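Shared between the two complexes below is chain A, which has chain B as its partner in the first and chain C in the second.
Here is the complex of A and B:
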């Protein structure tokens, strides 16, 4: 299979000689991970080079009609997801698709298009030191992997280490998650609390106004 | 002694006062110069061309329409040099020149010349050429109101936001292929300084520092290239706080290769901002730690600070990675001058 892929790539390379301006024989798969208190989100960009795009497209366009239907897009995204593995503190996570976007088939054929897959997984609640492991084995023979983590918006989460293997198919993220102090940026709690407090203050004010009016009506000093 | 101290203090105060009062004035002069050049260029265009060049300031689609790809693959907005007559072309390049430092403009011209070399080398391939660079403006050129100048094509995307005296160059993409060529008997390396200075910095590190700076994995491409606006990734490598003064100065010198593309007063303000966050700035390297003399490095490197991301990414595309480079320059807190707009 490897030999077949290599031969096909070499043949295609010879046909696309002038296209030295862009990716050729690799399938770039760049993932950016975002860790939050209760969940992990990831965004993967998949960009096949022009020499391998036909192989990738053939994998997506399973009925071979030249059109990548919504069903085929969804099925491919699910397949990518199955080739990824996510675990936190040795618990395997089950990522769910959030969104899928495909470029035009013609763009992909020219090595220009980018498939974008966004997914998320719930994290089991815990504090202290945590370890998240992400592995990508999708199309490993032609893949060029990238994986990075966003600086957490939640100040209670501090990244302590990132480790990868040479080709970035394996990524270990170690972070510390403080417990107790709620973070305003990651929770929808504060707007609710503020709204409740506001309501209480308004009710108190309305009550006092009523009392003052009644006292004034009966000539009582305020 | 006391008199000397008083005189010294007065001199320092006077110098500080002069600097403080001169910097905005100099910057305002630069803005005036760019606006004049922009209006002069617009006056050379007919109505249809002018409409093609001008976009509304809030046109986010046009703001983000830039790429490392040739224009035949990813069309740019605005008008190309190819579609202009000689007068218009000169006026367009005068606008770009007015917004950049002399070295910045030279670098941009060398990138464009490199694309011309590719065109000739590939049998007049219409995909390449120094005429395939587009100019556009978002908003009307103004000395007070914010507006934006874009100039780009293959391996080039200058996004310059001008707001009064302030000038913001981020995000900007530079690249080169071939990254080394001969023109009129002279060897040209458009991004040679970016390569040489970073390599010198790597070699100035001691073993323990190198161990921190050199990443153990391969980086095939830019992490925060086109389409990756507003993202701040976890920094890696060696922190500048763990460098000595000489190494930190070398790091600043590498950064200046990008920050110094814009005109001097905007570059000075930007460098001050970068130096203020220098202690929290990281230097990471991935790939070969040797280089053929006179050539570019084949390694990836990244410099990341609180208000800075620089990436230098050789491209392994069917040839020598040292001959094909993409670079990215960002301020995740102020790309497209968004911080200025928020004020």
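Here is the complex of A and C:
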């Protein structure tokens, strides 16, 4: 009877229970980056799974009184910021905190709350092709990282590529910052490849034409 | 994970009750974010709102799940329709209606309430610049976040295979301006053209099939072996015939499949494409169908076209966009094909007049055969192998390889001339 019930229970669970997208022993850290003309903004949400929430809370609530004070919130946000790195065109940026929001400790313990940290950094002025690198190493032993980028509101900025490493602790964003409005219908594709391919083909046709002309001149068959 | 167990009074049913209770409250460790997915088709705007069931249940003060959805459908619909709006910059509201009844769907492993809506712009207005306002859950839970993405928009070249995240709604920032100025039909068309170019440039199986078929094109078949050079004119004509036949073949099936007139599962198509490369590799070693290459190219082109159509199928295009998409995508394919043929043709013609050509032909055919055998094993039998990695790494250096082959062919030719 017990076996039958257990089997029925397992079947029922397998049919209806949703698959877990993120493991509960992970500290999910999702960052959304927004690039503007003179600055880069980032919004990071940190959601500890229920199995690691006590560890995370202990890191935040340093005096262990069960309440996360404003000072503790600020100190933790600064610590997160130190574990992140931002660079543009190999210039390391200095991010500044814009806002911090913490959930109730009870919510975090249940794996429901998320910490929200917003920060910004000034960009060194330049145009053309730019490369932004974002790295997150906060609580790397338990972390699951996600990074994404908003489509820039400034139409002079066009994202050309996003690359991430496997665990998304490393993120590279390449974009073009035009001085004027970019041509939306531009068919630009691998300029280097086009140039080299074009050169090779032109050289060969020039060579072939010369050979054929010489052969024709000497009355030799093609 | 939080599991609330509703304990039943009867101990013999305890296990079942635990399971039944768990099915409704087991939660994925998700960020519980909402999502707004926008699809633009001409001046039509469709929005799909995804709200975590856990959050909407908290707002309603009762659990919402598949068993209680019907009971709460009217109030949930009213709640959402009152809190989700689109407006023009001058404040005129879009007419919002549900495209289909509210549904529950699993998104990223967590259960979500999904509302699919149609937003009709006000008279004499186009959905070029609009403001999206979303208060669903956000007005009750300041920490809740809604990510707004454009999932498809031909005129700004956004397609369903790569939605664009355009904004984050949260706290007091619960509206977002979507600016589509500068949109044009040509942007979608240009994207399709680029996609066609990239598809061939990165689609090593298509390229290898074509190149293997072109390897013996400048040669004459003598019985069961390839003999000497057939002449420049004949060689070029043969190359032109093969490429044209391949183009005609894949264009026919690409159009038929992309317009929904032909349906074929992708797996056998992928296997057949690998087989086509194997056949053309074998033909490059020994003439199997000498003089009938254009027919073979056209036949296998039909199969390659079905694979091209699968790429278009992932983009979520509307009916008319699909027609334009087929045209732009095919033009891109032809352009890239032409670039490859033009880059390879001089080397083939020059090499074929030297004694080095058998080495090039047999080497190329063996490489194509090796690659196709690996693909067949992987696609047909599921045997994972590193053929793809090897072929991709060779393809990554294709321009240099083509350059070196071109110069070598020139040197070899001049040496014998």
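As a convention for this text, the second predicted complex is superposed on the first by the 156 of 222 C-alpha atoms of A that agree within 3 Å, B and C clash if a C-alpha of one lies under 4 Å from a C-alpha of the other, contacts with A are read in each partner's own complex, and residues count from 1 in each chain.
Just so it is clear, contacts are C-beta pairs under 8 Å (C-beta built on N, C-alpha and C of every residue); 3 or more make two chains touch, one makes a residue touch a chain.
Since we're looking at a predicted model, the values are computed, not measured.
Asks: Quick one: is A:166 in contact with chain B, with chain C, with both, or with neither? Answer first, second, both or neither.
Replies: After superposing on A, A:166 lies in contact with chain B but is clear of chain C.
Asks: Is A:26 touching the first partner chain B, the second partner chain C, both, or neither of them?
Replies: In the superposition, A:26 contacts both chain B and chain C.
Asks: Which partner, chain B or chain C, is in contact with more residues of chain A?
Replies: Larger number of chain A residues touched: C.
Asks: Based on the superposed arrangement, let me know which partner A:112 touches: chain B (first), chain C (second), both, or neither?
Replies: It touches chain B and chain C both.
Asks: With both complexes superposed on chain A, which partner does A:101 reach: first (chain B), second (chain C), both or neither?
Replies: Second partner only, chain C.
Asks: After superposition on the shared chain, which partner residues are touched by A:155: those of chain B (first), chain C (second), both, or neither?
Replies: Second partner only.
Asks: Considering only the contact definition stated at the top, list the common interface residues of chain A for chain B and chain C.
Replies: 13, 18, 20-24, 26, 28, 30, 32, 49, 110, 112, 114, 148-151
Asks: List the residues on chain B that touch chain A in their complex, please.
Replies: Interface residues on the chain B side: 69-70, 73-74, 118, 122, 125, 127-128, 154, 177, 216-221, 223, 227, 231-234, 236, 315-319, 324.
Asks: Which of the residues in chain A come into contact with chain B in the complex?
Replies: 13, 18, 20-26, 28, 30, 32, 49, 110, 112, 114, 144-146, 148-151, 159, 162, 164-168
Asks: Using the touch definition up top, name the residues of chain A that touch chain C in the complex.
Replies: So the residues of chain A touching chain C come out as 1-2, 5-6, 8-10, 12-13, 16-24, 26, 28, 30, 32, 43, 45, 47, 49-50, 101, 103, 110-114, 116, 148-151, 153, 155, 181, 184-185, 187, 189, 193, 196-197, 200-201, 203-205, 207-208, 211-212, 221-222.
Asks: Could you list, by residue number, the parts of chain C that touch chain A in their complex?
Replies: 1-2, 12-13, 15-16, 18-20, 22-23, 26-32, 54, 106, 108-111, 143, 145, 147, 150, 164-168, 170, 179, 182, 184, 186-187, 190, 193-194, 197-198, 231-233, 339, 342-343, 346-347, 349-350, 399-400, 402-403, 406, 410, 413, 417
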